[in-house]
Amino acid sequence: MSLAQAVERFVPDGAAVAMGCCLEPAIPFAAGHELIRQQRRDLKLIGPISDSLFDQLIGAGCVAEVVAAWVGNVSEGLGHCYRRAVESGDPWTLTVRDHSNFSISLALWAAAWNSPYIPTPTLLGSDILSGQAALELVDGSVRVGAVRPDVCVLHVQRADAGGRAHTWGPLGVAQEAALAAQRVILTCEQLVEPEVILSDPSRVLVPETKVVAVVHEPGGCLPSPLPGYWKRDHAAFREYAALSRTAEGFGRWLREWVLDVPDRAAYLAKLELDPLRITRRLLSEPADYGYE
Amino acid sequence: MSLAQAVERFVPDGAAVAMGCCLEPAIPFAAGHELIRQQRRDLKLIGPISDSLFDQLIGAGCVAEVVAAWVGNVSEGLGHCYRRAVESGDPWTLTVRDHSNFSISLALWAAAWNSPYIPTPTLLGSDILSGQAALELVDGSVRVGAVRPDVCVLHVQRADAGGRAHTWGPLGVAQEAALAAQRVILTCEQLVEPEVILSDPSRVLVPETKVVAVVHEPGGCLPSPLPGYWKRDHAAFREYAALSRTAEGFGRWLREWVLDVPDRAAYLAKLELDPLRITRRLLSEPADYGYE
Amino acid sequence: MSERFTAQELMVAAAAREIRDGDLVFVGMRLPVLAYGVARNTHAPNARALFELGLLRDRPADAFLGTMGDPPNVAGSLWATGTSSTMALMAQGDVNLGFIGGAEVDRFGNLNTSYIGSPARPQLKLPGSGGGADIAILSQRWVTLMSHEPRRLVERVSYVTSPGHGDGSPGWRRRHGLLGGGPAAIVTTLAVLRFPPQGGEAYLGSVHPGVEVAQVQAATGWRLEVSEECAATPEPSREELAQIRRLDPGGFWTRRSR
Amino acid sequence: MSERFTAQELMVAAAAREIRDGDLVFVGMRLPVLAYGVARNTHAPNARALFELGLLRDRPADAFLGTMGDPPNVAGSLWATGTSSTMALMAQGDVNLGFIGGAEVDRFGNLNTSYIGSPARPQLKLPGSGGGADIAILSQRWVTLMSHEPRRLVERVSYVTSPGHGDGSPGWRRRHGLLGGGPAAIVTTLAVLRFPPQGGEAYLGSVHPGVEVAQVQAATGWRLEVSEECAATPEPSREELAQIRRLDPGGFWTRRSR
């Protein structure tokens, strides 16, 4: 399935979409850009720290609500489209449900387990609580209400066509987001035979029963990094920060890097890939699943 | 460190000890038998399904309280020492805190996160709720109170001397039990160089900051199985079931397999190991942690 | 009962037929492991098995299993994870069918695997819930397997470990917040008892070959309703038996006296 | 300020000295990554770093990091896990020191990284908490780093993202159930502000080399207490500078104008 098809079929207008769940690495930028190209509207974005992707979707007018701990540009600072949307409703009004990284994780775990909420000491004394019904102070704990994504999009190292994938490196809130979601879309660096995945079921994060689409999309995380595959494209984040300072500059960035780019292959063709590509392998010691 | 030293130093009388956390595989029988030999008393055992180990500790008089979903012998049925203790206080009275597998997992997650409880729909309508303050029905959900082990004992495939370990296969409640515990004791099949473990940080379950002892104890899980290393010793479970039917029979079993056996090496020497040993390797596809 | 197969083999085959193609099955200990394998290799090639210790499979293991945690069940699995992740799928309603081993069941399908007699000083302490209560409350429908004896099929269990249809009143499960639909069948050594789709009281769905209805009634602790369609439980087919014997070659589960 | 080092380099060195040997440090974004590396490679060889995205390390990465999620930070780590597992350690009180990047801080150490002005229609929307609120509430003590400007060091923040000592009254944190001890220091471009061990109001702990106390006061939005021991912040040592420049060879964090 192509990414365009997967986004078309499984992410309707108004969907609650979890992305960027591993925090800084493995952000599914390709999928996000496809959402912009397909002019998706009224999305509810769910994630911990979004390193520019949420800002881009907000600037492109795809988003009605953000449920997140942090929206900006990790190496550069502010998220300028996010600022404009919150400060002056440009391009349009945004509902913001603030969280911390811990509380968004607990909100997703609650949804995964079909628990109404999880009580926690975090957020005590913080104004993040104020005016949010889903964050209630009761009996000295904060009840973090369940947050259930309709879709979770993950970019992973390798997957097979049946929806089984291997992920490694830091996971952020990816496990709970995928478990909580109604459905999961995977984009992957490598599409492999099932035998590769089945050789190591402990590295499978998401049960295939949740996975509705596997898209072979090398470089689908760029400019964010991915262990074993891609370095972070710092220059791209810097350029985005500089251009997105103004709505007009963001418009130029959007045309150049998203709207005028039909797909991820075309995006990659615009980059000098060699300095970004990880080439020196550092292979893990295998695990033995023998049984006889 | 020897297992005897680890148990001596880190599992005092009265300790709350989580064991058997992976359910049927990887049960730390060697550690349990050492607790018996050291005549540990008033332990509070915490675990989901204990495949005979809890029964043995109860029969040996080590246990004051059991917090578990199931205590018996998975392939054979009842836990006879558990029965005798509950039915007639033999060898002495036992406090039982019943759980389900899901609720014991949530109780450990709550402790791991320092949450007072986690509300859940499971246990609704079950008498497991009755008379247990730590399982409270409020607002249509069951609040499963946090259960915090003093010690969690895990048997793992390989570890280094610094307390880093690789585990693979089904985890049961091992992750939450280890995170919830004040301290973790690891017994391992293979003691390896740190490079082996550091080659794959995603396979590390427990942060080394929790680990107080690493004991090289091959076969420390037997008669329970371990992927890549040991088949389940079904005959041992059957023999235990037959003998433990009576207190006298249990006493004979205990002398032969625990009290008259100074350590795990001596236990293994009593077995025909070849049929139990897994020899045909089934190696996982490596993961690439390259960064340049 | 026929010489061709044991009571356990018949139970396994009957349980396997409860599995529909495409089902996500929460497989309990013992006979259900075989039932999943039989179903997967006969009429339900797309059925998946979820195991509470943290495994997902789309085919039975390649070697005999004494427990779901035996290494052959891990090799080739689709997902090796923790209990709370498998339970997440069930809590979300994704599990179509669960199996629970029973010690004592009542006419409303409530299971007791905890205490016979007073919990404070029971006559018999059973091992407990395991994942049984979770399956009973959270799976869409569930089936239990047990030996058909008057002391096991009782009017009312004294302790409800895994709730069925409660007091049998309409809507009992919904009123108490239980998510799944409750027990669908009790597969015993003599018969298959079923429940109406909306819950309530068990009735005799079929009797095993060579078993009389009166014999079933005599072994049941309450006056059993007999359905109009009550017929003989189909014998295991040759293919089903072949699968059972492939999965349990030594007869550990289906041929030894227990 | 000396020609020998930049303000950022001095801040990194000052932050590094807040790390004690053996500490488990919850490392935030940007300069704290460098501070951990410097401490680990100088006076705190046994300090470990915990990262909110799910990493534990006992040494800095072998290559430059633009973010904590860059692949060099993953290779050779001790534990690659999820956010909720690293937060578990902090919620249990195991984190000795946390770092939080600040946008606006007040005299009681409360941090605002969310909204300048009314949250409903702010003048400036900042990125939000990230893990900041968690660190502020759960770590044993924490330190924040920021540019020393009157608009950043204010009498009272209008929005508390990461609570410090609240209204400054004795026992405010304990009364509100906050687990950790709160802010220990604010490392700025001009000075190091400290808090009394029992909490309360920030005071001037040290001024950076070449900076006057009056200059610090002029850049601070409240009347700053000056401690009797107030001295010059020690300059980064040659070894500290060498470590900083090894970890940030291009000056991405410590030499470019931002």
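Per-chain residue numbering starts at 1, and chain names A, B, C and D are given in the order in which the chains are listed.
FYI, a residue touches a chain if its C-beta (ideal position, glycine included) is under 8 Å from a C-beta of that chain, and two chains touch if they have at least 3 such contacts.
For reference, the UniProt names are C, D = CoA-transferase.
Because the structure is predicted, anything quoted here is derived from the model rather than measured.
Participant: Work out which chains are contact partners of both chain A and chain D (CoA-transferase).
Facilitator: Under the touch definition, chain A and chain D (CoA-transferase) have B as mutual neighbours.
Participant: Where each step is a move between two chains that touch, what is the least number of such steps from chain C (CoA-transferase) to chain D (CoA-transferase)?
Facilitator: 2
Participant: With centres defined as the mean of C-alpha atoms, identify the chain lying farthest from chain B.
Facilitator: D
Participant: Check A-C against B-C and say which one is joined by more contacting C-beta pairs.
Facilitator: Taking the two pairs in turn, the one with more contacts turns out to be B-C.
Participant: Counting only Cα atoms for the centres, state how far chain A is from chain B in Å.
Facilitator: Distance between chain centres: 37 Å.
Participant: Please work out the Cα centroid separation of chain B and chain D (CoA-transferase), and write it as a whole number of Å.
Facilitator: 41
Participant: What whole-Å value do you get for the distance between chain B and chain C (CoA-transferase) if each is reduced to the mean of its CA atoms?
Facilitator: 27
Participant: Please list all residues of chain A that touch 2 or more other chains.
Facilitator: Residues 106, 109, 113-115, 120-121, 141, 168-169, 175, 202, 227-228, 231, 278, 282, 289-292 of chain A each touch two or more of the other chains.
Participant: By the touch rule stated above, which residues of chain C (CoA-transferase) touch at least two different other chains?
Facilitator: 55, 70-71, 74-75, 80-81, 84, 87, 91, 179
Participant: Could you please write down every pair of chains that are in touch?
Facilitator: A-B, A-C, A-D, B-C, B-D
Participant: Taking the complex as given, what residues does chain A use to touch chain C (CoA-transferase)?
Facilitator: The touching residues are 112-115, 164, 175, 179-180, 198, 201-202, 204, 206-209, 289-292.
Participant: Given the complex with chain A, which residues does chain C (CoA-transferase) contribute to the contact?
Facilitator: Going by the criterion above, the answer is residues 24, 48, 55-56, 62-63, 70-72, 74-81, 84-85, 87-89, 91-94, 179.
Participant: Show which residues of chain C (CoA-transferase) lie in contact with chain B when the two form their complex.
Facilitator: Contacts found on chain C (CoA-transferase): 29-30, 51-55, 66-71, 74-75, 80-84, 87, 90-91, 114, 119, 121-134, 136-138, 159-163, 166, 173, 176-179, 252, 258.
Participant: Which residues of chain B touch chain A in the complex?
Facilitator: 106, 109, 113-121, 139, 141, 157, 166-169, 196, 199-200, 202-203, 227-229, 231, 278-292
Participant: Quick one: which bits of chain A touch chain D (CoA-transferase) in the complex? Just the residue numbers, please.
Facilitator: 22-25, 48-49, 51, 68-72, 74-75, 77-79, 82-83, 86-87, 98-103, 105-106, 109, 120-128, 130-131, 140-141, 168-176, 224-228, 230-232, 234, 237, 278, 282
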